[in-house]
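Two complexes, one shared chain (chain A), two partners (chain B, chain C).
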Partner chain A sequence: MDHKVVGKSTQRLDAVAKVTGRAQYTDDFFERDMLVGKVLRSPHAHAKVLRIDATKAKALPGVVAVITPADLPTIKFATAGHPWSLDPGHRDVEDRLILTDKARFVGDAIAAVVAEDLLTAEKALHLIEVEYEVLPHVLTAEDAMAEGAPVLHENRPGNIVSSFGVSFGDVEKDFEAADRIIEGDYETSIVQHCHIESMSAFAFVDSDGRVVVNSSTQIPHIVRRIVAQALGLSWGRVKVIKPFIGGGFGNKQDVVVEPLTAAMSLAAGGRPVRYCMTREEVFIDTRTRHGMKLHLKTAVSNEGVLQGIHMQVLSNTGAYASHGHSIAMSAGGKFRPLYNFRSIKYEPKTVYTNLPVAGAMRGYGTPQIFFALESHLDDIAREMNLDPVALRQKNLITVGHMDPLSKNVVRSFGVPQCLEKGLELIRWDEKRKAHKGQTGPRRRGLGMAAFAYASGTHPVALELAGARIVMNQDGSVTLQVGATEIGQGSDTVFGQITAETLGLPADMVHVVTTQDTDITPFDSGAYASRQTFVTGIAVRKAALEVREKVLAVAARRSGLSPAEMDIRDRQIVETSLGRVICSLADVAMDSYYDRILAAPITSDTSANVRINAMSYGATFVEVEVDLETGRVEVLELWNIHDSGTIINPKLAEGQVHGGVSMSLGAALLEQMLFDPVTGKPLNPNLLDYKLPTILDTPTINAAFVETFDAAGTFGSKSLGECPVISPAPAVRNAVLDATGVAFHKIPLYPQVVFEKFREVGLIPDRQAERSVQHV
Partner chain B sequence: MADQIMLSLKVNGQSHSLQVHPFARLLDVLREDLRFTGTKEGCGEGECGVCSILLNGRLVNSCLVPAVQAQGGEIVTVEGLADGQRLSSLQDAFLTQNGAQCGFCTPGMLLAATDLLQRNPHPDEAAVREGLAGNLCRCTGYVKIVDAVQTAAREAR
Partner chain C sequence: MFDICELHEPETLLEAKRIFNADPGLKVIAGGTDVLIRMQHGGLAGAGLLSLRNLHELEEIQLLGDGTLSVGAMAPFAQIFQSELIQKLVPILGEAAVSMGGPQVRNVATIGGNLCNGAVSADSASTLFALDALLKLQTLDSERIIPMKDFYAGPGKVNLLPGELLVAILIPREGYEGMGGHYIKFAPRKAMDIATLGVAALCRIKDNCFQELRIGLGVAAPVPVRCFEAEAYAQGREVTLETVQEIARLALKPAKARSSWRASKEYREHLIEVLAQRAVAEAVKRAGGCCADEK
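Up next, the complex of A and B:
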């Protein structure tokens, strides 16, 4: 299709604001007489709070309020950024209080101080006396499920949040009849989002008595509901504003600081209070990515046909459920429509432990599942002497595949082309040959991995999006959406969809980038890679409505019927002749000022999207492994994506680069470490937590296979989370190719790699040799 | 308050004199007292580089600099990079190359890159990476940031 704006790399709408320092983030707003909030955190991984004495803290000059659990409502609430469910059986686990009288991890919030300035607030924290009864704690899912383990939440005696799973076909029968059964264990570590902007909010009570919360969030409408629920307010009494946000990656798809910040303001008589977390607090008391342990068992025929798979997953969710079991369940849905298994048994368990809370993070469980599955496929290929790419190619589903459980139908499927393209781009065959018979201390290898992902959450959850367009007097339009720009470029994409539909250049669509729940259309926000797909449908619908109204006014002027006209490059034209009738601005002026017929052209609509489109792709990578240091270096990497029509190539590439780097971080460097005895976090800062710097990050290459999916606007599908899925297993598989050593846990940190090489005898154990000589 | 001290400094060419707490960080003086909020805070501990500014021509993490140390000093923040409405070549390259996603690291990156190009107007890729090694970004995988700096350097040729 011939598009004017869609498919072009138009400049980000917020680029100028961002390069000049004018973009305003939550902390860049200052209210008069703003106070600061600070939080007192538990030093114990598991402890009952027996007594809190805040007398001294309250007496400190400059302290405005001290809040303890006793001062707050005792309504348990859920924090996950999901649409509310009318069905109580489908609601998120309500296990949170704003402040807790039972600490469940080191850093759990016990009390809070509101003071005139930060120094006073910090001093006051030290003056609060807390008496704890320390309880035994558990840090691993296995320990948490063991007999006699301490119980974190009374209503979950075995510490299991849920063990609901799914299956189809008869996996036992497939195992019985199988030529080969291959099993493997895989493990991923706990990592953190590390958005560079902290978690931050400020709140005050306005002159109408409403609680106003300005927050760095991906989900303003959901924040509004949850703040109201947590504080026992009616929902309309809360107003949430979302300005520019400095990255979220799922951490801000959770309600973390907002209820507490609102409570701080209420405790201070409605005065504005800012609560901005330190980096350490972001690591400890926001959300993390679930560390998972996965056991995979697969039935394969001698020809390499995958038949049945049994996947057992242990997901460590930390001290509170947050998104709870949804993460394991969602990931269990996404891996299915890729390979043609005739039976699948998926058995996840989500388990409470005394660790920081795991929640949503880019990919939502899918990176963990695909790390296991794609590593497992290479292990199968190796064991059966099959080519790993051919094994995948042989087992792919085809267009028309219907998932037996979700009933989603795959309408576009670009994986075969992604694989072809990847092989070619990385020069697979040529490099394979070159790598043959390597000896020396540095060995090169090739690896790949594929993935599947969805566009939004249908049919699991509601997918509602809102869009509002107003045509201005000059024929430009102003677009408002409830979906949130969090750096991914969604505003720009919505602007392009509107411009394309209305025959406008991109710069004549003004997109309101701030969400304010009082005036912003309802939308659940940025997650599940839903916005271009779901909100895009609402935006297109709103733009088509405006188009219709424009042509109705033009029909009045020209005497032609709307069907005979089109809008092209700011002009109304008679379609058959290409003759210009009038300008769009003429129509706009009529709509505002015609003495008889004036009625401004607007649309205010929503879309309840009850369809999903699967997105796909693959990573191809070449690594060099230094046997003597255990260092894995990525030499060349390609991520090839089938995300349908690409609406803005440059922005899309940016999404791929960021997602890939995040996956490489998880593959090679990143992990949150805890003292195994006390449960204290050991590296909650950006120095000891190895967030990839520019020197750790290789050049990342993005490529696209553009399929057309009839469900999406202009054929588009999701992209945002996709790139974070397949790089980690591809790197792991490349290390296997280079060294013959199969790793089962990430990150492949040099020390771990080195020790493993020594263990398997790939490098001599110098220490052992030395001690032998001494004997 | 009695324990405040008088601080004089020049920010983006403009002189300012103000009373500050003796322990105040330069970052807070810039952001809270003078409202140059383009400079961001990501860690407060010298790890992320988003608070980078130029102090007397040197790139520093303003979260680690006591404000008193800037007494009489000249500071450049992101707000001072453009010449009126005219963006600097680096700002312009960040626009065209999509160097900013969430934009939170961008001010610090721009300052670090400005410093780099002042010292080395035509850096190769390795030099660009070396020059930006103290600035973290979680959104871009650094790819388009490198592109942008190289584009700006090319255009200056």
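Up next, the complex of A and C:
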């Protein structure tokens, strides 16, 4: 299709604001008489709070308020950023209090101080006396499920948050009839989002007596609801404002600091209070990615046809449910529409432990599942002496595939082309040959992995998006959406969709980026790679409505019917002749100032999107492994996507860079570590938590196979989370290719790699050899 | 926000020494990249700081008349690795300097601060140790010059007298002249990280034999150490793969690695041997030697 704006790398709308420092983030706003909030955290992994004495803290000059659980409503609330469900059986797990009288992890929030400055607040924390009854704790999912394990939440006596599985076909029958049954265990570590901007909010009570919360959030409308629920307020009494955001990656698809910040302001008589977490607090008391243990059992024919798969997943969700119940379930849906299994049995268990809370993080459980599945497929290929790419190619679904459980239909499927492209781009055959017969301490290898993902959450959850367009006097338009720009570039894409529909250049669409729940249309926010797909549909709908109104005014002027006209490059033209009738600005002026017919052209609409589109792709990678040090270096990487039509290639490439870097971090370096005895975090800072730096990041190559998906606006599908899924297993498979050693757990941290190499005899134990010689 | 009760910012070394003499309890702060981190979360609460950052006289890198290279204690790492003198005479120190932190840290962190912080992982320490560097320390009314080995008292502890400041690092001519060197910082990340192990190797080669070899290790023991046994072994020997392997093996002798959650003793010891071999092999090459069929 011939597009003017869609498919072009138009400049991101916020580019200049961001690079010149004009973009204002939550911490850039100041209110008069602003106070500071700080939190007292539990030093114990599991302990009952018996007594809190805040007398001394309250007496410290500069302290305005000290808040303890006793000062707050005892309403348990759910923090997960999902649309509210009218069906009580479908709601998120309500297991959290703003401050807790029972600590469930080291760092759980016990009390809070509101003071005139940060130092006073910190000093006051030391003056709060807390008496704990220390309880036994559990750190692993296995321990938490063991007989007699300490119980974290009374209403979940076995510590299992959720174990709802799904299946289709008869997997047992397929195992019975199978030529081969191959099993494998895989494990991923707990990692974190590491968004640049901290979790931060400030709140005050405005002149109407309403609670105003400014927050760095992906989900302003949901924050409004949950703040109201947690504090027992009527929802309309809360207003949430979201300014520019410095990254979220799912951590801010959760309500973390806002209810407490609001409570702090209420405790201070409505004065503005800022609560901005330190990086250490972000590590300890926001959300993490679930560490998962997966057992895969696959029935496969001698010809390499995948028949049935049984996937058991143990997911450690930490001290509170957050998104835990939903993540294992959701990820179990994403991997299905890729390989043509005739039977699948998916059995997840999500378990409470006394660790920081796991929640939503880019990919929402899917990176863990695909790490296991794609590693498993390479293990199968190796065991059966099949080519790993051919094994995948042989087992792909085709267009028209309908998932038997979700009933989602695959309308576009570019995986075969992604695989072809990957093989060609990385020069697979040529390098394979060159790698043959390597010796010496540095070995190279090739690996790949494919993935599937969805666009939004349909049919699991509501997919509602709002859009509002007002045409200005000059023919430009102002677009408001309820969706949240968090750095991914969604505002720019919405602007492009609007511009394309209305025959405008990109710079004549003004997108309001600040969200204010009083003003902006309703939308559940930035998550599930839903914005371009779901909100895009609402934006397109609003733009089409404006177009219709424009042509109605033009029809009045020209006497033609609207069907005979079009808007091209800010002009109304008679389609068949290409003749200019008038400018768009003329129509806009009529709409504002015609003495009889004036009616400004606007649209205020929403779309309830009840369809999904599967996105796909693959990563191809070449690594070099230093056998002696255990260091794995990525030499070349291609991250290839079928995300339908790419609306903005530059922004799409940006998504790829960010996602790949995140996946490589998880593959090679990142993990949150805890003292196995006390449960205390060992590395809650960016020195000891090894987030890759730019020097650790290889050149990331993005490539796209542009299919057209009828369900998406201009044929587009999701992309936001997709790049984070396949790099980690591709790297793992490349290390397998280079060394013959199959790793089953990420990250492939140098020491771990070294230990494994030594275990399998790939590198000599020099000291042991010598001691033998000396004997 | 930091809990600082007073801040002195003298303009001259003399003034700094006077202030420090009057109140030896002050915490000296140079670039601040270690001190300020320690001050977070209530550490060093209520400290009085003596800032040296206006003492530009201590930033100078100069070649003294006797060939000694003098590096001012307040020279930031960025200046060190960009210095022509350093690149010409002791490129290994430039290598160590550029391996430190990231650009922002290197712009403010100073070599003197790095040493006085006493961290065993200090990238400059193992290299200076291998360079036979001396430290020039001054109080208001005294001066002493001590070798690196006398400076380190234990993990995070250095031998500084009350009121004493490190003013310069002196690298004598014999420390660097005609030497090829290589510093390997092994860390999980390639930037903004602390070393799991640091190996600095320097050698002088004649007729493909070791005339002299010096190896400094960081994070191999509670303090930076020299590998004297390996060095003595090398003396006069021909450069061969076997010699270098034996040197690497002997480099383990002074190591007192311990296990922590960051790395196990076994892994650190393995790294010492592997990286000592690589560092020596590269140093040999840079010194004009040839280590046949090196890996």
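Quick note on the criterion: the second predicted complex is superposed on the first by the 772 of 775 C-alpha atoms of A that agree within 3 Å, B and C clash if a C-alpha of one lies under 4 Å from a C-alpha of the other, contacts with A are read in each partner's own complex, and residues count from 1 in each chain.
The definition used in the following text is that a contact is a pair of C-beta atoms (placed from the backbone, for glycine too) under 8 Å apart; a residue touches a chain by one contact, two chains touch by 3 or more.
These figures come from a predicted structure and were not determined experimentally.
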Quick check on the superposed pair: does A:Arg12 touch chain B, chain C, both, or neither? Answer first, second, both or neither. first
Figure out whether A:Ile196 sits in contact with chain B (first) or chain C (second), or with both, or with neither. first
For A:Gln24 in the superposed arrangement: first (chain B), second (chain C), both or neither? first
For A:Arg210 in the superposed arrangement: first (chain B), second (chain C), both or neither? neither
Is A:Phe244 touching the first partner chain B, the second partner chain C, both, or neither of them? first
Which partner chains sit in contact with A:Gln488 here, chain B, chain C, both or neither? Use first/second/both/neither. first
State whether chain B or chain C is in contact with more residues of chain A in the superposed arrangement. B
With both complexes overlaid on chain A, does A:Leu695 touch chain B (first), chain C (second), both or neither? both
Output check: A:Leu687 vs chain B and chain C. Expected answer is one of first, second, both, neither. What do you get? both
With the two structures laid over each other on chain A, which partner does A:Leu669 touch: chain B (first), chain C (second), both, or neither? second
Intersection of chain A interface sets (partners chain B, chain C): 278, 686-687, 693-695
Going by the contact rule set out above, which residues of chain C touch chain A in the complex? 1, 3, 40-42, 102, 186, 188-194, 196, 249, 261-264, 267, 269-271, 273-275, 295
Would you pull the chain B residues touching chain A in the complex into a rising list? 31-32, 35-45, 47-48, 50, 77-79, 81-82, 87, 91, 94-96, 98-107, 110, 129-130, 132-146
Interfacial residue positions of chain A with respect to chain C in the complex: 117-119, 122, 126, 278, 280, 440-441, 628-629, 669, 673, 675, 682-683, 686-688, 690, 692-696, 749-751, 754-755, 766-767, 770
Within their complex, state which residues of chain A touch chain B. 9, 11-12, 14-25, 27-28, 30, 193-198, 244-247, 249, 278-279, 486-489, 650-651, 653-654, 657-662, 685-687, 691, 693-695, 697, 699-700
